[in-house]
Structure formats: structure tokens, C-alpha cells
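Consider the two complexes below, in which subunit A is the common component and subunit B and subunit C are the respective partners.
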Partner chain A sequence: MAAPLSVEVEFGGGAELLFDGVKKHQVTLPGQEEPWDIRNLLVWIKKNLLKERPELFIQGDSVRPGILVLINDADWELL
Partner chain B sequence: MAAREEVLALQAEVARREEELSSLKQRLAAALSAEDEPAPRVPVSPLPPKAALSRDEILRYSRQLVLPELGVHGQLRLATASVLVVGCGGLGCPLAQYLTPATALDLVRRYDVVADCSDNVPTRYLVSDACVLAGRPLVSASALRFEGQITVYHYDGGPCYRCLFPQPPPAETVTSCADSGVLGVVTGILGCLQALEVLKIAAGMGPSYSGSLLLFDALGGHFRCIRLRSRRPNCAACGERPTVTDLQDYEAFCGSSATDKCRSLRLLSPEERVSVSDYKRLLDSGSPHLLLDVRPQVEVDICRLPHALHIPLKHLERRDGKSLKLLGEAIQEGKRGAQEGAALPIYVICKLGNDSQKAVKILKSLTAIPELGSLAVQDVVGGLMAWAAKIDETFPQY
Partner chain C sequence: MCSCSLFPPCLQSRELKCVKCSEGLPVVVIRAGDAFCRDCFKAFYVHKFRAVLGKNRLIFPGEKVLLAWSGGPSSSSMIWQVLEGLSRDSAKRLRFVPGVVYVDEGAACGQSLEDRAKTLAEMKLILQTVGFPWHIVALEEVFGLPPSVLRYLDQEPSGTKGAYKAAVDSFLQQQHAPAQGEEQLSQPGSQDPQSPAGLPTAAQTEAQPPTAAQTEAQPPTAAQTKAQPPTAAQTEAQPPTAAQTEAQPPTAAHTEALSRLFDSVKTLTAKEELLQTLRTHLILHVARTHGYSKVMTGDSCTRLAIKLMTSLALGRGAFLAWDTGFSDERHGDVVVVRPMRDHTLKEVAFYNRLFAVPSVFTPAIDTKAPEKSSIHRLMEAFMLRLQAQFPSTVSTVYRTSEKLVKAPRDGNAGGPPGPRCLLCMCALDIDTADSATAFGAQTSHLSQMQPPTPPAEAPTTPCCSAGVGRAQGCCRGAEPCGREDPRATVIEQLCYGCRVNMKDLPSLDPLPPYILTEAQLRSQRASVLQEIQEYLIDSDDEAQTGES
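Moving on to the complex of A and B:
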């Protein structure tokens, strides 16, 4: 069981326009059975933060082409 | 005698001016004939190696010549380096529309370093693929709204644009500077950083942003540098078994045109639309109607038609209660002004005639305003920019 997790989610380069123009979101992810990873964080963001047109943000189980996912100061692909 | 001196001076002056005039006439004739002929394609030959700096060059570059990292050695390399700049800011960059793949590749091969300052996705793929095929480093920068990014592709084993973005973004998700805006000084800052990266590569100092991406947020005032993935072994362009072995049709690949201008949507049938000329005739006839401007507030602040009712498309999309009430009232009032039983057509207008089509679709589906069901709703083809181009030349274009 993973404990609730506090993370700062930031959108930029135009992606913030899908979130009412708000770039920084301080969020608390609820505790759940599986540990949190980026894939289920993306789903959580889609359900809880996304204001409009989910297809502009998510396609399949990842972000749509053209969006880079960064964790702290690194490309998600590096991790 | 003073008078005699004046005559001589005037004669000399006349002779001098006549000579100047004849030289100007010659230049004019040359310029006119050059205007008639297409400009000859001057091949860019490699710049000759340079052995030493001139006295003037030493004076001009003295402040950077004393930097040990650059020095005379670096400055001489700079003097012989050639840089291709793709995209002439502000003018947009329809490069992919005009250059056939072969000429684009030829062009890139003639330069040592390439800078991508273009404003659209097809051009970015074209320039990146051309740099990979020609083996040239690519300094790529972009700016939108208050943000900018810069990175260096295909340098010393680093990733290329396709390593980061194997698939183009869906065309409808791409925001352009024409749609979303960009602050001039932000492009200026990114252009300076880009010039710096080009200079370091050309002088042999090596770039800072190969395999990393600098993000600049002008509103928050921060720079942030991100470590990027390395070259992807299965990249279609720079991977071990590349499938991009020649340049292709990038507009087809991206499903969008190589400009930052808006695509024209076709959501409505011709019967659901009117031209700006038709709308002008209707306006002049004084026939009762309602003109609905659905642009965002910032654009309405730039310019508007004074008689239009303004309700942004966003408000219609989320069926905003206040906006629907406003629209309902405007329809009631329009009907009172019209003759008993006369129809009150609604015309929807926006900047270019895309959002107005979406708005017509929404208005036709609205059940909150019962009167709407019986009204003819059409949009104005080409929007206010067509109005500015064809009807009222004093109307601002933006």
C-alpha cells in the first residue's frame, strides 16, 4: 500500500492552456495499492486536473506526440 | 572678386551633382533590370581559409579576441564558418512549401551549421532530417507566448529532432504564434542564445545544449535546463537502420501546412455560410439581424465591429449561463425591433471563419434558448480578416 504522495505538477510550452492556463499545481495523490508511477499519474491528471479536450493531452496510455514528460530536471525516457 | 569665386564654386557644384545624378541613373537602370530578371542562384562556395586577422578586424573584435577560450584561433574559424538560418522571424517560414527536398538538402550541405528559427512543425522535421542526412549540427529554438526553448540536435552523437519526437503531433493540437501570440523580446532572447550556440560550434568551443534543453519562462523569470534522452538507436532518421534516407513530403507527414497560419475548417455546408460581401449588402440594407462575434476578449480589444454582440466561443462551448442569458435577451430585443413575424437571422463572425463555424454548430444544438430553434444561423466566411481585406480597408488586420 503506497502512502499519499505530495507532488508538484507543472505544465508549460502551451500545455498549461489545457489546464485553465495554470502552470503549477501542488497536488496530493491518494494512497493506493500499487506504487505511483508516471503512467498512473497521467491518468490521475486527466481525471482530476484536465479542464478540456483530453485527446489533446493523452493518447493511449501516454501523452500525445509532441509533449515531453520531464521528471525534475530530466527527460522521462532517461529514467 | 567675390562674385567670380561664387560662379566658379557654383560651376564646380553643378558638375559634381551632374556626376552624382548620372551615377544614380546608372544604378537605377541596373536595379530596374535586376528587378525584371529572376535573381541568379549564386552558389555558396566554401569560404577561403583565413591566415590572419586584419588591423580593422582586430580592432572590431578586440573584446572577444582577448578571451583565451576564443582567441585569434577561434575568431579565424568563425571567419570561415558559414551558417544557414532557416526562418526569417515575423515573416514566417513556408520553407517546406517552396523547397523541393533535393534543393533543401543541397542547401544544407553548403553550410557548416544550421539554425532552425522556423515556426511550424513540417519545417522542423524537414530541417532536422536534412541536417542528419548532410551531417550538420542543428541549433533549434522556438518561442510561444512568454516561453522559449533551445537545444542542439545531431551534434557529436547527440539526439536529433526525431529522437525526441518520433511522431508528429496531431495537427489540431498545434498552437502557432499567429493564434496564441508571442512576446517580441522573448524571440529576441532565444535568438541571442541561438546565436551564441552557433558561435560556439563554429569557433570550435562546442555547444552547451547538445542533449539538453533550455526552457525559458519570461513570466516567471526562470531558466531551467533539462537533460534529454540520448540518440535513439531505432530513430528513423539518425538510428542504426534509418528509414528516412531522403527528404520526404513533410506537409503530408504532419498533416498540416508549412506555415504558422490557421488551417481552414469546413464544418458547415455552403448554405450555412455567407460571404463578407453578402453580409455587407445586408448591413447596408438595414435589414434586422444579430451579429455575434465569438472571438476571445483579447482579440475583441484589438478591433471589433461596433454593432456586434460579443460572446466568446469558450463561453458557448461550456454553455455559460450568463452568456446564454445575454444572447437570449439580444434575440428578444432584435425581434421587438423587427417587423411582426419577420425572421431575425443570426450571423456569427470570428477572426478567420473557423471558430464561427464551431459556434454555429453549438448554437444549432442549444436547447436553453427556445427562440434559437426557429432562427436561421449562418457564419461569415473568412471572418473579420476577410472583412478587412475586401470590405473595409481601415479595419485592422492582426
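Moving on to the complex of A and C:
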């Protein structure tokens, strides 16, 4: 059982257009059964933050090719 | 790519070290799996920029270079690199004299005046931070371009490798002499007193004399005071009037005309190509007007790879070397250079993020467009998707583009005698005998073509009006003047790729006048040439075909 998690999500480089032009979002992820991971986070973002054109942001399970993801200013490919 | 990201993070990340220094904590993965730490990444990035410039020894010390800035990450990164490169105080610092140009394309993208004004304000903030002389031009200014923009102008021969070394040596010697550079600051530093597009047309009040503007414009960096140009061409003072003509905000009529032009284009592909063409012409004009001999664009490796594939799809395969190579000399006197072509978009994005490079995002003509809306979008999606699975895709395409060679036409090394495309200014390969190619078939078809319908846009001016030394009695003959159809006149002077684009433009009327004027001029010149061909004394180098 994961406790609620407070995360800052920031969009840039044009991605913010899909989120009403808002670049920084301070969000609190609700507590849930399984621990939070990036895949769940993306699903949550799609459901709660994304305002339009989901196909331009998410593709399947992951982000659309070309979109870079940084976690604490480090490449997510390092994980 | 480990997108499942187990929680707690997998132990692998704890043990991963920078591949270069083997001690730092890695922050970014470059290429297929090299993890770099922050400092090594910065060194790697900066080194690549300097290496690209140093390897192709095209930029001479003291040369005026125009940096084409779109506000986007790649060009912003390029400007930042130039800024940092100029401010180093060592023998290794960059030595040219930069200026920045920004083209406001809001009208073509359908942006409102308020949005454009807001964007311009953000741009100006950054331009003031950077401190180079800047020029902001609205795309509407294409309606005021002279036809000479479409002509190839001969460049002073830049010489061989020896000339480069000699130029560097003499430049270094001059640096030791006391700098008379202070007065240099006052002329190329034309801080254009730009009024944002939204202001009413009381633009005259904004036109401050350039010297007054100087005091706020130039933080006189050590590099610039010492920028003694070795060639005489550099010392010509910029006419202040040239700077002030850019201060006018675009008139509503021009904005309307530009919107009409882009609305009349049927496909997004053609729109993007047209936008690119007009932007290139405009930047070229700015460069020529203010004495810049080089233009640097921020095309990254990724963008160039996409551009290569897109150009192939658009029928521009013959000009790939110019479209995607490091240097592009198709205009003659102004050479377009691409110093960012070694950097992938990922590297650029990470660098900008990690080292706080300011950039402004402006929606472009294809923002939020669906994937299949244009060839450019399709190719971009294809390349990026492939890259996600095979991380060496972009670099492979890039390496292929490096191998493309610019073949001189018929042994002429870049000389102007060959005909050039009206819009993209690449050398046309007209060989009317070769009807096997699609281009050859089109060319021969056009020359026999009768205008299909009496042109609705009947030429209001008689065909010989522009009076290029044409004899008055030219049309007295019974045969109709074949140049009546303006559309055919323009089309036959285009390369294959540009012709394909023009198909999506149902009428050529909304095009800016300089294009139509130049087309008319060239065709008249060609037909006059054809008429007097038999009277010309034929020397071997002057044998020209009848078409332009």
C-alpha cells in the first residue's frame, strides 16, 4: 500500500500546449495498492492532467517517440 | 529503455558511472548507451560545436556571421555556444562577428496580433541578454523584397587552406596592435529599434538614431572590441536607413496578403515548403543588406536526418548535399552554415535544460498537426519511432548525408552560367535530350505547351512591359508571344521539387511580387537570347541553352 506521493511534473518544449499552456504542475498522487511507477504515472497524467490530443503525448504504454523524460534532471534511460 | 522503472530503482543505476571520467554520476545517455555525467556532457557538447567549426575552415576571423534564430531549442543552443565561445579569453576563442535575426512568422501560422506581440517581447528579452546586434523581421516583409534576392551573386574567392591560415595569423597579429575597435561597435551593432507588431503605425517615433541605441545594446565584450576585420569589405559603415526600415511594423495589408497566400495553399506539405523558401529569402536579404557573408542555422542532426528523407520524398534528391550539408553556397555571396549538425535533438534538449539556455516556444505551422497531415510530419514520426527502437538510426542517416558530394556541373566549379531554380536557387539540370527522367519529360512538355485555358488572370500588362532592352516591334510578328501565361513562365523556371510544390498552389497571384517579377525578367531575357542567338559570336564557354 503506497502512501500518497507529492510530485512536481513539468512540461516544456511545446508539450505544455496539451496541458492548457501550464508548464509546472504540483500534484499529489493518491495512495493506491501497488507502488507508483512511471507507467502508472503516465496513465494518471493522461487521465487527470492531459487536456487534449492524447495521441500526441502517449503512445501505448509509454510516451510518444521524440518526447524526452527526465526524472530529477536525469535521463530516464538511466533507470 | 527501461520504461517500467521498478520502485525502488533498480540497483543498476547506482553502479552506473560516466563512461568518460568513470567517477561522475551520469545524467544523460547519448547514442546507444553511453552515460555521461554533467561535466563530461558539457565538455562533449561544446567540443563538438567547436570541432564542426574548426574542421570546415569556412568562417574567417572577423567575418560577419548572421545567426538565424527561431526561438527554438537548437538555434537557442547555437547562439549560446557562440556567446560562450566568443567570451573565452584564450587563443581558442571564436573569432567572428555575430548578429542575430529572428523572423516573426505569426501571420503564416494564424496567430493573433496580441500573441505575436507577446512572443516578440519575450524574444527581445533574450536578445538583450545575449547582446549581439539583432534584427527582427516579420515574414510580411517578403512583399517588399527586391527580385535581386533570387539571383546568384558571385562571392569573392575565399581561397585555399593557406588563405585561412594566413587570415588567422594576420588576425592574431592585429590583436596585439592597440585596438581601434571602439568605432567598430557603432556600425555593425545596429540595434534595430524594433516596435512590436501590435503598436500603431507611429513607427517614426520609434526610429531612434542607431548611436543612441548603442549605449544600451552592446555590452562591449573584449572579443568585440578586438574584432578587427582583416578584409576591406568589413569596414563599410552600415547605412542607418537600412536599420530603420526594419522598424516598421507590418502593415495590415501585408499581413492579410500573407494569410491569403498561405490559406490558398492546399496541402500542409506545400505550406511548409513555401514557408521555408520565403524565410530563406528573407534571411538572405537581411544578410546581404547588412553585410553578413555567412548565415548560421541551428539545424540539428535529428532535424537534418528528417530533412534528408523528406527531401527525397519531395523530389529534391538532386540537391541533398546542399540541403543537408554543412555549407550551402547556392546563393553565392552568402553561405549558409549548419554548425549544430552533429548534435542530436536529445543532446540539445538536455543541454538546454541542464545549463539553463533560454528559449521560447512558438507554435509553428505544423504544431499539433496529425501525423499524416504532411510529408514532413510523416517522415518525422517515422524517423523518431525508428530511433526509439534502433538508437543508431539518426546517426546512420546523418553519416550518409556526410558522404554526399556536390558534383560540379559540367566541370564548372560553382560558376553561375548554369540556370538556377527560381525559388530554391539550386542549379537546374536541364538536359532536354534526356526525356527519360520525370524532370526531362516535364521540361519538354512545357516548352511545347499551349496555355490550356485563356488565363483567367490575363496579364494586365503587355508581355513586353518590363522592357529589358527588348525591341519595340517584338510582337508585331503573327506568332503569339508564348510568354502570356504567367503560371507557365514561373513553372518552367523551377526545379522538379519546387514544381511539385507549386501544384498545390492553384493560383500564383498571391505570391509576393518579387517572385513573379524575377520570373518575368528571366523569361524575357531567355526569349530575347533565343532570338538573337544566331547573331551571337559563339565561343565555347558561352554556349547557353535557350531556356533560363
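The rule is simple: the second predicted complex is superposed on the first by the 79 of 79 C-alpha atoms of A that agree within 3 Å, B and C clash if a C-alpha of one lies under 4 Å from a C-alpha of the other, contacts with A are read in each partner's own complex, and residues count from 1 in each chain.
One rule holds for everything that comes next: a contact is a pair of C-beta atoms (placed from the backbone, for glycine too) under 8 Å apart; a residue touches a chain by one contact, two chains touch by 3 or more.
Bear in mind that the values here come from a model prediction, so they are computed numbers and not experimental data.
Applying the document's definition of touch, where does A:D37 land relative to subunit B and subunit C: first, second, both, or neither?
So A:D37 only meets subunit C here.
May I ask you to decide whether A:G14 touches subunit B, subunit C, both, or neither, giving the answer as first, second, both or neither?
In the superposition, A:G14 touches subunit B and subunit C alike.
For the overlaid complexes, name the partner, subunit B or subunit C, with more touching residues on subunit A.
Comparing subunit B with subunit C, the partner touching more subunit A residues is C.
Considering only the touch criterion stated at the top, classify A:L56 as touching first (subunit B), second (subunit C), both, or neither.
Both: A:L56 reaches subunit B and subunit C.
Return the residues of subunit A at which the contacts from subunit B and from subunit C coincide.
12-14, 17, 56, 65-66, 68, 70, 73-75, 77-78
Write out the stretch or stretches of subunit A touching subunit C in their complex.
Residues 12-14, 16-17, 35-39, 53, 56, 61-62, 65-66, 68, 70, 73-79.
Spell out the part of subunit A that touches subunit B in their complex, as residue ranges.
12-14, 17, 23, 55-56, 64-68, 70, 73-75, 77-78
Which residues, counting only subunit C, touch subunit A once they are in their complex?
Per the stated touch rule, the residues are 1-7, 9-10, 13, 16, 26-29, 35, 73, 345-346, 349-350, 353-354, 361, 363, 367-368, 380-381, 384-385, 387-388.
Write out the stretch or stretches of subunit B touching subunit A in their complex.
That would be residues 121, 144-145, 147, 149, 164-170, 172-175, 180, 213, 215, 217, 220, 224-229 of subunit B.
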